[in-house]
Every structure is written in C-alpha cells, then in structure tokens.
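In the two assemblies presented below, chain A is common to both, partnered first by chain B and then by chain C.
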Partner chain A sequence: MKLRVVLVVTLLWSFAAPPMVQGQSSKIRLEGDWVRIDPDGVGSFGGLNGVIPPAQLLPGVSAGGGGGRGRGGGGRGGRGAPPVSESATPNPEGVPYIVVAQPCFGGVGRSNGALLVSPDSGGVHFVEHKDEVIFAGERGGVRHIYTDGRSHPNVWTPTPAGHSVGRYDGSTLIVETSGFTPGMVPGGGVRTSETRLVERFEMSPDGNRLTITYTWEDPKVYQKPHVYRYYFERAPTVESKGTKVSYALEEWCDAGDPIEKQSIIPPKQIIK
Partner chain B sequence: MKRFCVLTSVIACLVVLPTSARTRVPLQEQRGTPDLSGFWELSFDSRNVPRANLLPAITRAKLDAHAKKDAYAIRWCNLLGVPFIMDPGRPLDIRQGSTAIIIVPENSSPPRYLYTNRSAHISDDIFDPSTNGDSIAHWEGDTLVADTVGFHGEHGISAIPGGGYRTGKSRLVERYRLLKEGSILSVTFTWTDPSVFRTPHSYEFRYQRLPATYEPRQWLSCDPFDEDRARFLESPSSPKPTSRAVSKE
Partner chain C sequence: MSRRLGLMIVSVALASVSVGAHHSFAMFDMEKNVEYSGVITEWKWQNPHVHFNVLVKPGAGVDQKIIGTWDVEGGSINIMSRQGWTRASYKVGDPIRLVGHPMKDGSKGISLFYAIRPDGSRLYHDIARPKDDVKK
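Our next item is the complex of A and B:
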C-alpha cells in the first residue's frame, strides 16, 4: 500500500513539476539589453577597431578591410554605402554636405543579418529560450542561435550570419557558426563559406558586463585562429513612472527622405 | 493483489508519462505558464477578420491617403511594424524568455518585444513612438495578454486588417492562447482608437505550429535604389518622396 502511495505521489509530481531546463535554472542570464563599451578609452569606432589584433593570414590571402578596419557586413543607415564624392570647395555656412548616396542601405540588403557578427554602436538584445537564443540588434539584424542540440544542416546556402548552434557552459553561452557568405572580418580578417566562428558570450559575476570572445578558424585563411574581444555593459536604464527600465529602441531610417543623405552642416563661425 | 497493484502503477507510469509529455501544452520553465515559443505560420484559412466599424470622419480620402503612405513604406523598404509583421507572409519565430517574449518576422522589420518584466508602459515623455510601439504583457490563466501603445502615426504600414489604420492614439490589446494541445496559437487583436474606430475592432488569427526543426530563411533583400523594382511598384498613384527638401539648417 505504501509503495502504491509513493508511486501515485511520484506520478502526480511528474505532472505538476514544470520541465527543468538544463543550464538555465540558476545561472546569470544573458537575456536583456546591452551596449558596446570602450574599455581602453580609445574614443572612436576607428580606434576600437584599431585595437583588434591583426589577423595572421596565410601567404597569398588578401586582407579583408585592412588592419582593424574590417566590418562584419552591411547594415542600415547607409553604413558601407558608397559616399557621394566630396567637393573640394567647402560649403557655405548653413548648407549641409551630402555624404550618403544611398541612405538606409548597406549595398547587400538592409539588415541582412551580418551586422551582429560584429556589433557596432547600436544596442543589442538577447532573449533566451531553452531551444533557441535570439540575438537582435537595434540597427538591424537578428541571429537565431539554436540551443536544442541540433547540428549544422548538411545542406545550407551560405548567409551573412551563417548557421549558429549554441550550448551553455555554466553561465557562458558558446556559439559555433559556419556557413558564411564570403566577407570581411574585423582585424583585417576574411571569412569564406568554410570559415568557422566560435563566440563565447561570457558575463561578469555580477551579470552587468558581457565579453564576447570571437575566434575565427579557417586553415585555408589563417595561420592561427584570429581572436579578439568586444565588451558590453547592460544598457543604461531610464526612469519611467518611478521605475528604472531599459528597452529596445527602434532605429528609423527612410531611404526616400532626402534629409537622410545629408550629414554635417557647417556651423556658424564665431569670429573673436 | 499487492504485486498486481504495484505492477499496474508501474505500467501506468510508463504509459501515461510519455503520452502526457507529448500532448501536454508546453510549460515555461518554473512559472507554470504555457510556453508560446515556436515557429508559427498562418494558412489561407487562419484569419477571421470582420469589417471594422469606422468613425464617419474616416472618409475614403483619408483611407486613400494612408494607403499611399503604406505604399511609400513598401517602396522605400522602410520598417513595416505592427500590425503588418503579425501577418508578414512568412512564419514568425516566437521565443519566451525570462523578461520578454520576442516575435521575430522573416523580414527586415525589427522584432517585437512583449515585456513581461514590467507592468507599466514607458512614459510618453521618454518613449519615441515607433512602428511596433511599446508592448507589455502579463498572464491571465493560460492567456497571455499584451497591451501596446506608443505607435508612430506615420511610419511603416499602418493599415489594420478589416479597415482603418493605426495612429499615434491607437491601442492594441492582444490575447495569445494555445489551442489543440499546443498545435495552434490563437491571437485575438483588439484595436481601439478614438480618432478611427467607432467601436473596438477585434479579429483573430490562428497560427499553426511548424516543426521544431524549422529554420527561418534569410530574408530577401529590399533595395530601395533598385530602379527596376521602383518602376514595378510605381503606378499613377504611387507615392513620391515627400516634399521635404534638403534642409538648409
């Protein structure tokens, strides 16, 4: 009788207890809003790229984007779009320069998903589910990181963001990506359809800092794995109705708006 | 008899548990709420959309003007926003996290975040209106109730299924509920807007769950500077770039 009671209790508990998710129960969560930081105080995005160790390419492999200037791919807002040729004559005061020929368009498709292989100044956001982690950027691009144990597909058409599978090692998310379209990699590296990227999304013990370590491997491209790191902090909060909150912003860009093409307006000169 | 009862219980465990695991609506970890996560697709018979009861002030001319703006958004590859991305012609990837539920369309529009970690909207004086608005969500039993305000009145595709359009005053309440042991996701949309609708406008979509092995496709490029595409889209009533000229200051 006692055994029957135990069995019945076990049976009931198994119905009532929610399924446990491996590695997600008590860890520090990656989920939330993050912004990239400048821990060395270099002061500019060119400077941030400049501190990336140069990729050690095999002889005969052309550097992508030069030392430290590589980008992960196109994005929104005219980044990477061909600039309009600059006039040698400075514009009169108050007349804007037209600096972006094709605003909101990166040349290979807006928000093509590549951007988040090398996040820039826009905020990035993670939502963690047991089967998939979504990595989304405010300046476009969404990555799907499968954590359900699947492997890379046998048949895959290369994409700018590749195909990503992930697993947790404690609180660290380790993501392995392959199946890229050819492109540039920060630090003067390049990627091909055979290149493999391993990313470690590692949080500080207090959960407020995130370090992404990128390791690019391709024996046909690199003399040794090309490794560099990006650093992030939790996105700043704002006070709203007595609560500190952060949330994903929406970056609007209208390619049909002529104002999107203009940039710096020469300021009024003050002559002392 | 005792041995028979034990044996029966063991068999019950072996038989019932796996069956229940297959049929039970998936639960979100440790919260006891349903897990809406998955890949969801609308089929040809997935929409129940009655005609909206519009205010008399919503004239044909106003509807045409909004339709023109929507065509402009498509022509220039703008962000499309809600409600369009809930019926984008491709599956949605919905993932339920610990602070938010994200809805990712397979196009270049940004995903929606339904925040479950706060119960109030961002203050009007802080939030910049957007094509997706500000969404907060909570559970009422097995139903996720999402409330969205903060829409931009001009950006993206504003047309609402059944008639009317969203404005900066629109409010959307969505009720998400799993049906048929988790194979169907019912979403009831209710729009209210004192400047558009005479009565709240409700309609329902029923999304079908795709296999867990489904993988979203790389979205198709949208090139606003493709002249052939522009010619294809442009018609006598096509939108032209607005009258905004390059600013001189």
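Our next item is the complex of A and C:
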C-alpha cells in the first residue's frame, strides 16, 4: 500500500514539476519554447524599447537606434529588413504603406541569429545539449552557445550574433559573446567588433518565467556597462492529437508574395 | 580615435537603421488609443500581418470621424495565436469592438491593440499591454 502511494505521488509530481536537466535533478531547464512579455504595460509594441534605460555613451560616440524614449526603430515586426523610411508622410492614394526588402531579411541577419541577440515578440526555443545550447527563433536564425569549456577562437570573422560561450551557475545560464559586426544595440547603444555582451538567462523558481539580463561592455564606447532586461514566459501550448504542443518554428515573411508584402491599404469607403 | 569610432558607428547605424522593423509604424499614432465598434466586412487570417476590415456605421453617439470602413492590421498568425486569437475568432458579419492606434494622416487604417469580447475580456494582438493589465 505504502509503495503504491509513493508511486502515485512520484508519478503526479513528475507531471507537475518543471523540466529538469538529466543528471542534475534540482536544475530547472531552460529547454523549450518561450515568448516575450511586457511586464511594464508600455501600451504599444514600439514602447517596449522606450523602457530600456538609455545607454551611457562616451563623448564623441553617436547613439544607435531605439534610444531613450524613441519608438519605431525596434518596431514590432523585427524582421530586420534593410532601411525603411520612418517618414509619416502619407503615401499617394492606392499605394500601400509597407516597405519590405526582397527577401525580407536580405541575408542581413535572420539566418545568422542576429534577431536572437535582441528577440522581439516572435517565439524562441532552447535546446540544451551537453556541449552547447541551441537558441533558435521561430522567425529564423540560430545561435550556438558552446558550454563545453572552449574559448573564443583566435581567428574569427565578426558576425551579427558573434561567437558565444556559456556556463551554468545553478539553473542560470551565463553567456559571453564577442566578435560582433558593428551595429545597434537597444536603448541607443552601439556595438563594434570589440564589444562584449554578457547575457544571464535566469529562470523563476517554478521554471515558468525567464529573465534575460543583457550587459554590453566596451570601454571605447560606453561610460559604464549598458544593462537592461527582457522578460519571457513559457509559450502557451495547444492540444494536438491528445498531446500538448507548442507552436512550430515557422518562416512567415516572404516579401516576394503579393499578399504577404501588403500592409495597411485604406479600404474603399461605402460610407464617407 | 574616438572621432573615427564615432564616424564608423554613425555610418553603421545609418546602414542598419530599422533592423527591427518590417515596415514603419510611424504612420500610426501609437500614443492614441481609439475604440471602434462595427461589423467585420473582410477577414484575412494571414502572415505576416492579419488584416480585417471593419465597417463603423453612423449612429447615436458615434463620432463622425470614425464612421467608415477601416483596414485593421494585426500581428503574425503565431503572435496573435499566442494571445488567444484563432482563425475562427471572428468572421465576416460578426460585430466587433476594438481599440487601436489610428493612422496619423486620418486615412482609414488602424494598428490593432486589442479586441474587446462580449464578456469584457481583451484579446491583445501582441505582447504589449496597457498599464492597467500587466503581469508583474
């Protein structure tokens, strides 16, 4: 009887508990699907950038996009298209407002994981392997975070996602990245090939909330490290064939498609 | 050195501006939340942005400025699905109440913020929330 109770309790607990890493029974796993949340109530997607503390740049260093209270640059689309006009000038009648690249990401950043250095509202997915953590986005791109103890390579061609190595401190994954191509950083920051990023992927005790703390360091750019946080929750699941599953990683931006490339087109007015 | 670095950063910033934008949202007044009540006349559950048209008819208490047919732009199917939307959330002919950000130029386009269901609950289009509805 006692054994039966223990078995039942163990079985129930195994369903209720957050996922654990094999061989480390007390560790909550990062593995799985996550989606960003807005704990500040910013009121619109563009406002998410507005709550990032402004980067403290050295004199003579010009701010990147999305700084301070600004909106727009880090817009909700986050598809990484080449330059898009921020002008509010109305288009001529019948001309769609959308401006997209061909293809959307133009190879600029999507496939190389740049979007995962600053995730937007698209879902993200982690796979924890013994030698690396794979960080993938449903909007495309993969980052490889090596946890096998290796160092950064001596010879490295800079990329928008850089080269990442990581280690665990309990359940927290700490990732150090360098070797970026020059570009912008949220909060009006910038990065160069010498800039270093430290990310802390920290989960709540119940394993359902993830906080990523970003710390950008570069003594030639910043007066002090540029620090801000993004918040995530486990992505919701849906029932499929009796199993709860999350969403597929899906490519959904084809600027060559006449339907997908359209945006606001004021409809023909029946009532003026 | 710092001048050269500054110039380099400016040129990179200019070259990569809008790295995070599918298209500009400058045409929407994102600070303005306007409520619209109407009937759905077209429903396009599609990527990268869900679109639907809403007809707001004249009536008692209806602001003249919002009368007409509006193109409402949402997010991607995945993003809206995570907020509770489905392909069947609405169909042509359904009444709808929504809050959105109108076009700055006054043309009939809206960036969707959320729909208000008959029970008063909200269906948000994306992860952004108003101050009165946040998860700390």
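One rule holds in what follows: the second predicted complex is superposed on the first by the 192 of 272 C-alpha atoms of A that agree within 3 Å, B and C clash if a C-alpha of one lies under 4 Å from a C-alpha of the other, contacts with A are read in each partner's own complex, and residues count from 1 in each chain.
Criterion: a contact is a pair of C-beta atoms (placed from the backbone, for glycine too) under 8 Å apart; a residue touches a chain by one contact, two chains touch by 3 or more.
From a predicted model like this one, the values you see are computed outputs, not experimental measurements.
Of the two partner chains placed around the shared chain by superposition, chain B is the only one that A:V127 touches, whereas chain C remains out of contact.
Contacts of A:G41 after superposition: chain C is touched, whereas chain B is not reached. Applying the stated contact rule after C-alpha superposition, one finds that A:E138 touches each of chain B and chain C. In the superposed model, A:P153 lies in contact with chain B only, and not with chain C.
In the overlay built on the shared chain, the residue A:M184 is in contact with chain C alone; chain B does not reach it. After overlaying the two complexes on the shared chain, residue contacts for A:L58 are found with chain C alone; chain B is out of touch.
Residues common to the contacts of chain A with chain B and with chain C across the two structures: 98, 104, 108-109, 138, 247, 250, 252-253, 259, 262, 265.
Residues of chain B that touch chain A in their complex: 2, 5-6, 9-10, 12-13, 16-17, 20, 26-32, 37, 72, 75-79, 93, 95-102, 104, 108, 110-111, 113, 115, 118, 120, 122-123, 126-128, 130-132, 134, 152, 155, 212-213, 215-216, 218-225, 239, 241-242, 244-249. Across the interface of their complex, chain C is touched by residues 35-48, 58-66, 71-88, 90, 97-100, 104, 108-109, 114, 118, 120-123, 138, 182-184, 190, 192, 220-221, 233, 235-236, 247, 250, 252-253, 259-260, 262-272 of chain A.
By the touch rule above, chain C contacts chain A in their complex via residues 1-3, 5-6, 8-10, 12-27, 30-31, 33, 41-42, 46-49, 51, 53, 55, 57-58, 67-71, 73, 75-79, 81-82, 101, 103-105, 107-111, 113, 126-136.
Listing the residues of chain A that touch chain B in their complex gives 1, 3-4, 7-8, 10-11, 14-15, 18-21, 24-25, 29, 31-32, 94-96, 98, 102, 104-105, 108-113, 125-132, 134, 136, 138, 140, 142, 144, 146, 148, 150, 153, 157, 159-161, 163, 238, 240-241, 243, 245, 247-259, 261-262, 265.
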